[in-house]
Every structure is written in structure tokens, then in C-alpha cells.
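Same chain, two partners: subunit A is paired with subunit B first, then with subunit C.
Take a look at the complex of A and B:
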């Protein structure tokens, strides 16, 4: 359900929106971007001024220049019924930060050591697999030589 | 037509939820210093202004498969909160949703399952309930002040097929008699549609009669088979 905002005519007071229903998604840029540029996916109804005010007021981020474009979502793929399936269109905003700030997209999924809790099922399974693998390995004193060779 | 908007946020800078140990989903209970609780100092929290870092979780939670989160806000809990608190909570939920959406998109990009995706639905539900509570309050205020039940004016109108529906008015810059597209709309039922309306009514009544008779038949059959059984509530 889209909200109907009052119509603007010359002389009307500035429209103020309480509780905006717009969500921004920070995305990793596909192509290499300058260090001060942040890439967002924004709803289609937002404009450059909206994004600027949004970031400045809600996130307190100094915004320099903004450029937007609309990405067409493909309508080429077909499903098992041979019907065309439309990927939704979305608007992309390239925001350049003011005051010489830079931003690099962080690595949010670093490799982490998976440690199971004591006495759990997964831990016992892990131990069992480890023991099995240990049995398959040859005597380390043979120095990698296979069992085919006598002695 | 651009909507030049200046977001009306008041007193947001003066408060933010305490660190990130308590996510916005847990029902926080904070009291004003002048309540009748045993002596406690007024709680002062520092506002967290991390700029673009607010689009990402705490670094400890990066790479986890599950992140703990509380229950969504219920309408009952939200009705106890003041308007200022609801306003602030809206922005807290908004930022949380932005965070989760960035996480979802990055997970899709890296082809990795997102940690606890149910958080997005929880936040959505909380926001919807907040909206309903705010609308309730606004509607009550409007009723008291002006006597209008609905914020958006409308009227009962007929369409070409004889249906009577609530037509909600739209705001235009010109009057209706200068609006060519609006004049092409017809809000009346022509005479030749009357037989169709009668047939439709007959069909509806026939379906309703069939439904009631079916229920009666099943009940009588059950009574025949199980004479001592209780009559079911349905």
C-alpha cells in the first residue's frame, strides 16, 4: 500500500514526512568505484534529495554528490511453464561522501573456526570422523612410502 | 514530480538504544526518573553515531550462522508507549531493517546463507503494528476534534456492474469538470445491467442456500450415526 502524499502546488508549505517507510540497502559495487563512493539500492519512489536528507538526518552522514539510475530487472528467463518471469526493477544511488571521507565495503562473512559445544551430537560425529581418517592414514614413520613396497 | 522532503525527526539525537546488546526487538521497559520506583538515578545513554557503520552489525556477529534476537513488539506493548517513544522506535526499527537488508544482499552476493533471516519478518511486523497503533491514536484524535471518521474523504458510488463500493477521493490540481480522464469514468449502472444483477443475486442466494442445506444434512447424518454424541459447535 503506497502512501498518498498531499499534492504540491506553488506556495504550499514544505512537505515533512514522519516515520518514512523507505529502506536503503548498502551494496558492494559491481564495478570498481572511487573510494568516497557508496552504492545503495533505494526504492523507486525516492529521489536524490530524498536520499540526501535521509542519510543526513537519520544516519548523520555528510553527503556530497548523488547520482541515481534505474536498473531494469530482466524479463528474459522463463519458468517450467515457459512463462516469462520478471526480476523486479530497482533504483541504484551512488552517493559521494563529503568532507573527504572514504568508505570501503567490509568483509562481512569472514572464515570462522566452527567450535561445537561439549557433549553435543555434532562434536561426537566430528570426533568419530577424525578417528576414521586417522585409521586410514599410513604409519608416519614410513615417511610417505606406500605399503606396496615390502618393509 | 519530486517530493522535496525534509524529514521531521525531533529529539532523535537525544536518545538511541543502549549499545547493541539489546536489539530493538526486545521489549524494553524504561521508567522516567520521577516514577514511584525505589531510588534510582536517571539513565543517560550515549548516542551511538557510527555513520555508515550502522548499516552493518557489530564485528563480533560477522560470519555467525545464527544471531540471537528477541520477539517482535506486540500492539499491546506498543500502546503503552508515548508518542515520542514510538517515533524513536520507528527509526530504530528502520535502521535495523536497513542493516538486515544489506546483510541479506551481501549474503546473496557471496553465495552464503544469511544468519537468522527471520529477523527481517520480526522487524516488519513490529513496524506494521507501530503504524496501526499510531493510526488508531490519530483516528481517535481526529474523531474528537472534527468528528470525521476517515482521514481521506470518499463516497459510496455504483460501478457499471451494479456494485456499490466506497470510492476514495484523490487530490487533483484542477476541478473534476476540467478533468477529461475523470469524466470518462461512469459512476452509475445502466438499465440493461439490471437482468445481470438479478441473475447474480439469484446465484449468490442459491450458493448460500446450498451451503446451509449441506450443513444441515451433514449434522442430521452425524446425529443418525452417533445419537449420543455432543452437537459440534461449528
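Take a look at the complex of A and C:
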């Protein structure tokens, strides 16, 4: 449910929002962004000034410049009933930090070496496969030359 | 068949002269071979085939054609084709614009002014008796008069409408000051007597730097050079008939470092448009005053330091001034170089030098620019060690305030710098 804020006219008191019901999502940029730029997905009702105040007052983040755009969610795909399925639109904000601060999006899913525990079935299978592969490989001293020719 | 090893039965009466008498590898023989016309046309790639060699040959033909034409044709051939290009605004709201602009124009920034203008002018203590008498005598009456006139005019006019303070109050002051100072310094600087003072001239420059792969469209996957255009309108500028002396030798710029930005200019933010590619110094080509001396720029209300302070962006004030000086001077010197017939494939043989003063009425920043290279496109920049240089000061306060028609706290150092700038001559 969207609240219709009162229309502003010259002389009206400044609109103040306490305990906003908006949530920002920090996302990894699809295209490489300069180091001082942070990318957020924000609710459609928020404006640039709302985002600036939000970040400065709630999270103490010094904001330099901010630019927003609305990403249209595609309405092209069709379901099994041949009805169009709309993907929701969302607003993206590019926030440039002030005071020379930089931000890099962290690696949330680092590559992990899957090590099976000792004595388990999977570990023995892995070892067996590794041994088989080792038997198939040629002598490393041959330097990659095949066994077709020579002695 | 094997060559005949035996002499023929029928011997000719006179043997043909032996090879020894006509050696093949002397200079005379080489000259003779060169003087003789080649029997076949040169082997070159086709011009119309669908091949990389043909494209390369088309590009080379274009370059050759531009090389051989006179200056006006050179400029018109270089700026003939319209394509989408980035429009670079010297006065921009973008953050850290100076780093981006330095990358676009291959300029290194050197804080402080070159030795010619004395040690780094950062203190406000006036240096007495250091200058020769002509420069010392001239500025004393001029700013005092200007200050009083400035204060009077301000009180007479009503408050300016939205964001027109600078244009209404400071603009006329700068124009009058420049005109008056130029006239008084003209006594000591003969160059200024033959100079041309333009009011609100247009300065345009078009150049190519870097390339990108087109991501989408019928030309997807192909390389495209990134094009830039500056359309600038300084408050006023002085053009002279002779080239100013260089501040530093060409070789000194090899060691300077230019910040590299690996991101596309779109992220700055910078926007593209397509329209006529202009290259203009402020006057048309046949004008004898084709070299630049000094430009004067006004800081608009939108970028005034009070407004920036209200938005907690005081650090961006200096950045804005540097970006403004850089872009404006690069455009001006580049246009001057193009007017002399230098273009990316024929680099400048001597550095082009210009100066700029950017002011908002109270604070003055001085910039000196030396254009060492105009070869910024991909093919020509690959092995180009030269870099352009920008010297600049921080903003220096001219006066503390104006009270009751009196200027309080006038800084003579700034006035001396202004006069030194105008006195600069080859």
C-alpha cells in the first residue's frame, strides 16, 4: 500500500518521516563501477533525497552524489497458459561516496576446496578415481610426447 | 634443362663484355636503377575489398589526403563525419572530474605555478619592491578604482533573480577589470597592444582518445574510437599574434604521470550526443591573432563555494576549478594547434601555451597550460611519450570584504600575479 504524501507548496513545513518503512538492498554492480560508487536497489517510492538522508542519518555514510534509474522488468515471457508474466520493476541508485571513501563489493561466495572427511565413502572414491587417472597419464619425463613413436 | 656448360661451336667475332665491367652493387648502379621508371605499379592491398588490409588502406589514404591538404581543408576533413560523441563540459557537477579529464586529455597536473611567476603563491603576504617598477606602478590605481566601482554597481542593482548573481554582478566587474588592466599593462607589454580581447567567445574542440568494443547493434564486436567535444564559453579572453614561450621543455613532460582511468566515460557521468564537430579558438582561421594568451572564466552560481558548503561538498570546489581550467585550456590550445595545421597524425613541433584565471568575484585561481601533444587517438598514442602539463594554484582570496564602498583586505599578491600573467610575453 503506497501512502500519498501531501503535495508540497511553498511555505509548507518540510516533510519528515520517522521510522521509514523502506529497505535498501546493496547489490553487486553488473558493470564494473568506479571504486567510490555503491549500487543499491531501492523501493520505487524513494527519491534521491530520501536515499541520501536515509544513508546519512541512519547509517552515517557520507554521500557525495546520487543518481537513480528505474529498471523495467520484462513482460515478454509467457507461462504454460501463454499468459504474459511480468517481472517486477525496480529502482536502482548509484551512490558516490564523499570524503574520498571507496567501497568494493565483497566476495560472498568464495571458491571452496571440497575436502571430504577422513574415512568416508566419497573420500575413498575420490582416491580411487585419482589413482585411475594417474595410471592413464604418461611418464612426465617424456615431456608430453605420445607413445606412438620411438622405443 | 641444365644451362649450357660448353661454349657454342660458332664463336662470335667479338665476345660480349664480361660481367666484371658492369658491377651490380655500386651506388651508380643503384642510382641508375632508381632513375629508371618501375615497370609495374606498386603492389598495394585493394581499396574496395572486404578485408582488413583494404580497411587499413582506406584509413591510410584518408590520412594521406588530410596531410596533403591546406589548413582549412584539414580541419574540415577531420571534423567531417558526425558520430555520437561525449560532450565534455568544463564546468561540471561530476565528482572527481579533474581525474577523469586528465585521463581524457593526457594531462599531468603540477600544483603551483611555473618558476616564471615566482615561488608557489599560497601565502597572502604582498612582496614589496620585488617587481620592476612598471608592473609595480600599474596595478595600484586600477584595483582601487575597480573596487569602488564594483561596490557602487552592486548596491545600485536590485537583487538578481534565480541563480544570476554572478552573471549580473561579477561578470561586468571581471570584464571591466580585464579591459582596464589590459589597457594599462599594454604600455609595458607591446604584445597586448596588438591583441584582441573577446567578450564571451565560443571555444570548441573535437578529439578522439581511446577505443571501445561496440556492445550491441549491427556493428557489434567492432572497435570504435571514443570521441569527445568541448564547447566552452569563457567570460573573456585575450588572443595575441605571437606564440607565448614554453614553460617547460618537451622532454620534461615524459616523466610526468597522468592518472589512468580504466572505466568508460559513461560512469563519470558523461553523456553522448551527435552534432557538428566544431574546432574554434574564438576567431576564424585567417585572423592574425591566432595564438592564445589568457582566458577569464566565471564560476556560476550553481558551483559557488557557499552553495557547495551548504551541501557539505567543499572539497569539490577545488576539483571543479581544476577541471574547468584543464578542459577550457586544453580545448583552446588544441584549437590553436589545429589552426596551425597540427593534428593527431602530425604532432605539434613546439608546445602551445596559454593561461587562464577562474574567479567568482572574491577568489581567483590561476592556471597555465602547455600543450605538448595533440596525438591522442589510439594509433598515434601507442608510442607517444609526450604529455600535456597543467600548472595551477588553489583559490586565492583577492579581498576580505567590501564595506561602505571601501575594499577591505586587498591582497596585493593576487593583483601582482594577475599583472604578471598579463605581462607574459615571448
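The rule is short, and it goes like this: the second predicted complex is superposed on the first by the 103 of 151 C-alpha atoms of A that agree within 3 Å, B and C clash if a C-alpha of one lies under 4 Å from a C-alpha of the other, contacts with A are read in each partner's own complex, and residues count from 1 in each chain.
Here is the rule we use: contacts are C-beta pairs under 8 Å (C-beta built on N, C-alpha and C of every residue); 3 or more make two chains touch, one makes a residue touch a chain.
Since we're looking at a predicted model, the values are computed, not measured.
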Which superposed partner A:67 touches (first subunit B, second subunit C, both, neither): second
First, second, both or neither for A:98, with subunit B first and subunit C second: second
First, second, both or neither for A:148, with subunit B first and subunit C second: neither
Subunit B versus subunit C as contact partner of A:16, first or second or both or neither: first
Partner chain in contact with A:57 - subunit B first, subunit C second, else both or neither: first
Touched partner set for A:33, first subunit B, second subunit C, both or neither: second
More subunit A residues in contact [subunit B versus subunit C]: B
Shared contact residues on subunit A - subunit B and subunit C: none
Footprint of subunit B on subunit A - complex, ascending: 4-9, 14-21, 23-28, 38, 41, 47, 49-50, 53-54, 57-61, 103, 106-112
Subunit B residues touching subunit A - in the complex, by the definition given at the top: 1-9, 12, 49, 51-52, 54-57, 62-64, 87, 90-91, 94-95, 97-98, 101-107, 109-110, 112, 127, 130-131, 134, 152, 170-173
Subunit C-touching residues of subunit A, taken from the complex the two chains share: 32-34, 36-37, 62, 64-65, 67, 96, 98-99
Interfacial residue positions of subunit C with respect to subunit A in the complex: 93-96, 261, 263, 267, 269, 312-313, 315-316
